[in-house]
Structure formats: C-alpha cells, structure tokens
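Presented sequentially are two complexes of chain A, the first with chain B as partner and the second with chain C.
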Partner chain A sequence: MAEHIIGPVAELPPGSHRVVKVRNLEIGIFNVGGAFYALPNICTHQFGPLCAGTVNGTTACSAATDWRFAWVREGEILTCPWHGMEFDITTGRCLANPKVRVRQYPIAVEDGIVKLTL
Partner chain B sequence: MVAAPGKRKTDDLIIVDADIHVNDTPAALTPYMTQPWRKSLEVMGGGTSYLNVPGFAPALKLDPPIPGGHPSRSVHTPAEMRQGLDELGIDLGVLFPDNLLLFAVLPNIEYATEISHAYNRWLVEEWLREDNGLYGAIVACPQNPHDSAREIARYAKEDKVVAVYLPTAGVHPLWGDRKYDPILGAAQAANLPVMLHSVTVVTPQFPYQLDQFENHWARQMLSHAFAMQANLVSLMHTGVPARFPELKVGFTEAGIAWVPYMIWRMDKYYNEYRRMIPFLEKRPSEYVRDRMWFATQPIEEPDDPRDLVATIKLYDPDGSRTLYASDWPHHDFDHPKGLLKLPMSPEMQRNIMGASALELFGIPAPVRK
Partner chain C sequence: MIGELSSAGAGGPTIRPARPGDYAAARALAEVSGFEIPSTLAREASFAEVIAPGGVYIATADLPIGLLIAQPIAYDGDRPYTLWIELIIVHPSWRRRAVGTALYRALGGWARQLGIHGALTARRDEPAADALHRRVGFVAHRDDLLLWRFDE
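Up next is the complex of A and B:
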C-alpha cells in the first residue's frame, strides 16, 4: 500500500473527473459534490474505457414517483462510452445488474491534496 | 495482414469479422451519384445524425432525447477502420453500410437504384482498393431486382467483393418473395453469399407481413413465436411486471426454445437502455423467472433430447416455470410420453408435468385413489 498524490483539490472541483495513471493502472478520479471517488478505467462488460464516459443523472419510475418519470442522482451516474452501462460512482454498482460492481480505490483529501492509496 | 503485435493472447488465431460498418453519408456518395439525385444528396450533405437522414436513412425517431447515454461511433476512412480493427485485434473484416441499413424503406425506385449504384462504386473505389484486410458486401436493391441482378454480375469479378448485402429491415415483401429471384440467382451465379442484416425499423407492414407466406408451414414458423416474443417485450417495455408485481403471466402454444434467447436479449439491452425503462428495477430475466410460465407445446424436438432439457434449464433450472401442455385435440398435440421420455431429474419432471401448473393455477393437488 502506498499513497499517490493526485493533485490539489482546487484542480478537481465538484462535478469534474479525470483519468490518471498510477503504476500500470488507469484510474478515474471523481469529485461528486465534494466527495472523492476512484474507480478503475475499465468496464466490467467488455473492458471499455469506463471513466471516459459521461457523468450524469438518470431516470427513475416507480410507485414512489407515482409511475411518472423522474430525473434523479444528478452527477452520480457514470455511463460507459462503449455500450452505455450505467454505474453508481458512489458505490461502484452497475444500475442494470446489482451483481456487477467495479472496484473503489481508497481516496482522501489531506491538507488540500487529493491522495489515492494503492 | 496480421493485427498489431502484443494486442491479444491468441496471436496465432486469424480473426475475421463478418460485419463492420462504413459511414456512408450522402456527402460521401455525392460524387458517385447521377443527376438529378446528386442534387438531392448535396442538399442532405454530411448527414451527421446517426441512422437518421430524411430521404436517405429515414428513421422514425419518436423518443425524446434523455441526457447521458453514450455517443454513436462511425468510421469514415479505411485507415480509421484499419486502426479500429487493429485495436480490437481483428485481422480481416467485411464492410456493410451504416445509413443504407435503412435502404429497403426508400420508396422511390429510380432514386433507390441510383443510390445502390453509387454506394457500390464508392465502396469498391474508396474502401476496397488497398491490401488492408478490408472486404465488402455490395448492396442489393430490392426496389429494382432486375437492375440489382445486373449490378451483382458487374461486381462478380472484384476480388474484394465477397458478399451481397440484402437490406433486411423494412423490406416489403420479405426476401423469400419470387420478386427477388433475379437477385438471388445473380448472387448464386457470382458465387457470392447473400447476407441478411437488420436494424430497428417498424413500418405499417414490416415485420408483420406474415400474410405473404405462401404456405402454412411458413406461417406456423413465426406467427406463434413472434406473437409471444412481441407480447413479452410489450409487457416488459411498459413495466407491467413492476406495476403489477403479483401478476402472473403464462405463454402457451409457442414451445419454449425462444425463451432463453429473449431473456438474454432483453438483459443485454437492459444494460444499455435501462434509463428508458427505469420502472424495471430488476433485470428482465428476473421478472421472467419470478412471474412468468411457459407451456411446452409444441415442444421442440432436437435430435438429442438432452439439448431440450438443457434449453429449459437456461430459463428454468428446476422446471417450476414450465408447464406441460398437450394442445389436445389439435393437429400438433404433444402426448405426455413426448415429455416423459426426456432425461431430467424426478423433481424437474414432477414440476413440468404438473406441480408447476398446480402452483400457477392454485389448484390443490389431487389425491390418487
């Protein structure tokens, strides 16, 4: 386990994300409303560059929304650019298949510096 | 032509891709088009919207856009295609069109004929001239079969033309109609395979024109299974299993082998399009396994009966969602012996032959006298 400096918090404002290379690994760093997340840049489906996808919200529709479409989780959903599988950035879970989950690497902010532990 | 080294573990394996797509914009075909239709293509220009160019790739786009999702990809040059295939570790590929996937729905015969000529010339001159592992399928023109037959003969000697693409989506009548005999005959004479390729198209006729079939065997092939598949997808796409969580649904008179295909297909596209059907909070296959039953008749009869049992297990591991049915007294009824001879566990047999139906219909188990 070693700490890797990603950069100052100011360079990764809320809503932004970027892919970094740490050792041999490509890792997507996400700032979701001030909280940081780190996911591998490789999709579980057919190994697409997951973190090159867009960050968005998604739709919901259930008894709780009176069976009307709602827009939810703005800024928390990552969509793979290859075939559109959606992942919850905050948990790593695939929305279409809860058995599928991408890793989450430990990431934290210390003294204004974003640090990844690997 | 061998893919870039170090890309894959199977370096000694030749990988051939039977279906890759060139981006055939109106602008690309314009220099190959005759007047006055060249003017039409000039008006359309780049046609940058994927599979949606009025008058060229006329798509019926009905859905409002939803933010997110992923962009469509397109390839515009052989070099770009070669690079993409190298990255995928593919050695050789056969080119099909993008926009002309919708070709069969173009109603103007003369215009469609000229488009087919322009596409084929463009393909051969701009994509198939180099030794780069790219091969091509020329497009057939269902709107003008006699001309299309001549076109096929014209390209028969081109080394890198390896197939005839039959525009499949929206074609009316379907490809078995005698109207198309000249095209099929020309392909046969040229020793070129014909390749059916589909895309999403729904028109007033297509794909419902089963009335065109000339005999009952043909109608029987599709009308039952197609009706089931269409209605299963219909129930799913408006969220019926989510909105009516106690509702049980049974499917009868279509056999069962279509079920694994449909659940896999629904799950695959749930991955991609979940945001269009967010009321489904589980994968479609899970709703099927939870709430849907499938009656066996007319039971499929593969040469090896173990294949049938394996097929049932793909959607129903213990037989609890499969219902024996005879269809008695109809002409194609299945005798219980037809099912009892299948090599399955006693539990699975008990379920399929009766216990599943007792559960579904809420019938108390009869006591044997």
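Up next is the complex of A and C:
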C-alpha cells in the first residue's frame, strides 16, 4: 500500500465527489460533510460505474420516522447509474443487502492535501 | 482447498498460494520481468497484508517464475465478493508456457469455492495479455475493463 495525492482539499468541497484513476483502478473520492471516503468505481451488482452515480439521500419508513415514508441521510447515499442500487458512502454497504459492501480505502487530509492509501 | 497446489502441466511449475516468505522473490520477479514495482510489492509488510485475503498465487520451478495478485474490492460479510486483478507477471524465460493460464486457473478454483462474483482488470494494449485474458474467460466490460464472472 502506498499514499497517492488526490489534490488540494479546497478542490473537493463538502458534497462534491470525483473519480480518479490510481494504478489502473478507478476510485470515487467523496466529501460527505467534511469527511472523506474512497470507494472503487465498480458496483457489486453488475460491475457498473458506481461512483459515476448521483449522491443524494434515501427513503426510510421506521419507528424513527413515525412509520411514515421520509427522505433521510441527504448527501450520504450513492445511487448506481446502471440499475439504481443504493450504497451508504460512509460504510460502503449496499442498502438493499447490507451484508454486501464495497471496499473503503484509507483517505485523509494532511496539510490541506487529500491523500489516498492504495 | 482448490488451487492449493496444482501444476501448469507435466514438468511445469507448481502453483500455490503466496506466503509472506515469498516477498523478496516476488519483488525480484517483478524487477526481472521489467514491471514497475507496484506499491503492493514495495514493502514486506504491505505484501503480507495483500496476501492475507487469499487471492495471491505464485508459480514456482525451484524459484518463483510467476505471480498473480488479486485484491478484494467488495465483500459479502467477511469473504471477498469482487476481485481486482492488480498484477500478473511471468518470468521472461517462462513465457508462452501456460504459466499465466495456470495461475488464473488456481485463482478461479479458489474464487468459485468461495462464491466470489467476478474479477476485473484494466484492459491493456498488449496482444499477449489480451490473448491470455480471453483464453481464461475474461470479456470486455465497460470502456476499458475486462470481466471474468465466476457465477455463470
């Protein structure tokens, strides 16, 4: 594993994401409310370009929402552009089947620079 | 375990999962094969990390002459679910002797046994690499990837 410089933190403000290529592997870099996450750009379903999808929220219906459908977790959910499967960016888990998750690569900000370990 | 020990053919090399002690030989193999040293082979500690999930195979004929590094990029519970082929190298004097195919066969046996969904790699503009990948069962996927499905 080695560190790879992604770029200045100012170029990846909260709510933004970008796909970079590191050693031939495409990785999605996400800034969710100031915390960075790095996931492979390969969906667990049919190997689609997961990180080219949109970042938004999801619907939930539970005791926490008083058993009404509510829009939750805005900015934390990635939707695959091929068939719409949703993934939690902060854990890599698939919402429909949380046992399945994409790998998360270590990513950190040092001296204003975003660095990925791969 | 499938792929634990197999042979590339009569008189051919033995294929086995890599061990931490293979680090120096694996690195030397990458150097002699003209490969830029990947970060997975940069340090002994990172090599130990890389082989831990199990998708790293080595071909030996007294000395290591082939190396395949596959890394999980998705998991189902604790087991790998999707693999990324980071590297396949064969010593120059052992090329065209089915060593690469034997390495991939060992990986495929292990992957099917674990229920792994598929493996991907970057498409390269090299006829020999392309022929090897197609022979093994990889097909073109998206713009610049090759995909080998284990669940079909």
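To be clear about the criterion, the second predicted complex is superposed on the first by the 118 of 118 C-alpha atoms of A that agree within 3 Å, B and C clash if a C-alpha of one lies under 4 Å from a C-alpha of the other, contacts with A are read in each partner's own complex, and residues count from 1 in each chain.
The working rule: a contact is a pair of C-beta atoms (placed from the backbone, for glycine too) under 8 Å apart; a residue touches a chain by one contact, two chains touch by 3 or more.
Every value quoted in this text rests on a predicted model; they were computed, and no experiment measured them.
**Q** Would you check which partner chain A:Thr79 touches, where first means chain B only, second means chain C only, and both and neither mean what they say?
**A** Touch status of A:Thr79: first partner only.
**Q** Kindly classify A:Asn56 by the partners it touches after superposition: chain B alone (first), chain C alone (second), both, or neither?
**A** Only chain B; A:Asn56 stays clear of chain C.
**Q** Pick one for A:Gln104: touches chain B only (first), chain C only (second), both, or neither.
**A** It touches nothing on chain B or chain C.
**Q** Does chain B (first) or chain C (second) touch A:Phe69, or do both, or does neither?
**A** first
**Q** See if chain A has more residues touched by chain B or by chain C, and give me that chain.
**A** B
**Q** In the superposed arrangement, does A:Thr90 touch chain B (first), chain C (second), both or neither?
**A** neither
**Q** What does chain C use to touch chain A in their complex?
**A** 38-40, 42, 46, 49-50, 72-77, 81-82, 84, 86, 117-118, 120-122, 141-142, 145, 147
**Q** For the complex, give me every residue of chain A touching chain B.
**A** Going through chain A, the ones touching chain B are 45, 53-54, 56-62, 67, 69, 77, 79-86, 94-97.
**Q** Which part of chain A faces chain C closely enough to touch in the complex?
**A** 1-2, 23-25, 40, 42, 44, 47-49, 99-103, 118
**Q** Which residues of chain B touch chain A once you look at their complex with the stated criterion?
**A** Contacts found on chain B: 66-71, 239, 242-243, 267, 270-276, 278-279, 281, 283.
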